[in-house]
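Below are structures written as structure tokens.
Shared between the two complexes below is subunit A, which has subunit B as its partner in the first and subunit C in the second.
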Partner chain A sequence: MGTSSGPKLSGMQKQVLSLYRGFLRAARLKSPEDRRQIESIVSAEFRRNSQQVDRKNFLYIEYLLRRGKKQLDQLKSPDTVGMSSLYLNLHQPTNHKP
Partner chain B sequence: MAARGALLKYLRVNVQTVPQNPRPNTGLFSLSFNAILRHFSEEVRGSFLDKSEVTDRVISVVKNFQKVDPSKVTPNAHFHNDLGLDSLDTVEVVMALEEEFGFEIPDNEADKINSINLAVDFIASHPQAK
Partner chain C sequence: MASVSASCLRFHPLLLHSNQPAQGSFKLVSVSWPKSWFPSLKATRFRVSCAAKPETVQKVCDIVRKQLVLSPETLLTPETKFSELGADSLDTVEIVMGLEEEFNISVEEDSSQNITTVKEAADLIEKLVQKKAEAGA
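Take a look at the complex of A and B:
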């Protein structure tokens, strides 16, 4: 993954971490089971992208950030219980697994 | 016009019924009101936690983090260099600390916390930490 430690975080890294934090905060407001489910989906997605996405592919990372922010806004709505439906809908078109 | 006069009379507010100073027989009420006020101001102002207590609680939170080897957690441990955590793990640890101490750490502060020492310093200097 090559996540930097000592050196300062780039602006884009900060945005990604802030988005991750936002998801974890939003998850706190859901029921305990939903929270656990949301956390595991979100964490898996961030980790998958941190390993698979080229760190210099700024355009794609910016796209992912924008998509993530939209998903986060939807998750924040009290009507949204979990992520699964939300996630599948938004995830499919860009899922480039074989 | 008569109707208007009647209506205005009806709507008139009697100012005199509001006392300027609390009467002796409202002592209980004013006492509890003061207690609420004081409680509220303490809530806002907060108080600083003892640093050694903060250190103990931070260490126990970090030890409970699944990806951490509890034997490696010392008061001077660095999240990445000593505990092998990446930046996403660090976000999770700092969020767990927020829950432990009952206050929200803003992004720009959270990004700087990358060791037990820094976490303890920040929390011990934060009046809202409980």
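Take a look at the complex of A and C:
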């Protein structure tokens, strides 16, 4: 496709989108109900980070990418049914205890 | 004898004109060439630029509407950019994934990032569907 009308994406943005695609692909292999749940959790997580993470914070984004890839590998395993427990752990650091 | 000199000339006419005066017999052939040359070039250009089928475009529109949760009165033409509808790159990934499932195809990542309009999506889909049909036949 010779169109240059699309936004020029950085290498890191492409990695993030590729990871997102990977999650959505993995979700297809689960039961319809689990799939919907996984999709909503993954979508919320990516959107939350896209809003909250400074796009110049490369180290942190790289960390998130690494973490996401590991989670994706876990999700791909047929033994993994859903995502909820996986993400409960990850959300803890943001809930600061008084 | 004449046919041999003609097949050689095919590649040289421009050079012959600029570098050295062509010999009498060569000149005769080189003049007659352009007439058969240009029409064939034009024909191939027209064939490449065929548009996607209306039903494909319509299907793509439906999926885009569903994916972006557009209201029925939102105007959506084949040329509308997804970004104009408020879609970000994550939405575009979702749209392409939805199209993959609907049309039972697999879009490569490189080409999926170039899709910005319904028309571009429909053109790519038809290309992939056709490629798949050829591979399966």
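Here, the second predicted complex is superposed on the first by the 83 of 98 C-alpha atoms of A that agree within 3 Å, B and C clash if a C-alpha of one lies under 4 Å from a C-alpha of the other, contacts with A are read in each partner's own complex, and residues count from 1 in each chain.
The definition used in the following text is that contacts are C-beta pairs under 8 Å (C-beta built on N, C-alpha and C of every residue); 3 or more make two chains touch, one makes a residue touch a chain.
Here the structure is a predicted model, which is why all the values come from computation and not from measurement.
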Contacts of A:Leu24 with subunit B and subunit C, given as first, second, both or neither: both
Which of subunit B and subunit C A:Ser50 touches, first, second, both or neither: both
Residues on subunit A lying within both footprints (that of subunit B and that of subunit C): 1, 3, 5-6, 9, 13-14, 17-18, 20-21, 24-25, 28, 43, 46-47, 50
Subunit A contact footprint on subunit B (complex, rising order): 78-81, 86-88, 91-92, 95, 99, 107, 110-111, 114
Interfacial residue positions of subunit C with respect to subunit A in the complex: 81, 83, 88-90, 93-94, 97, 101, 109, 111-117, 120, 123-124
Contact set on subunit A toward subunit B in their complex: 1, 3-6, 9, 13-14, 17-18, 20-21, 24-25, 28, 43, 46-47, 50
Residue ranges of subunit A touching subunit C (in the complex, touch as defined): 1, 3, 5-7, 9, 13-14, 17-18, 20-21, 24-25, 28, 43, 46-47, 50
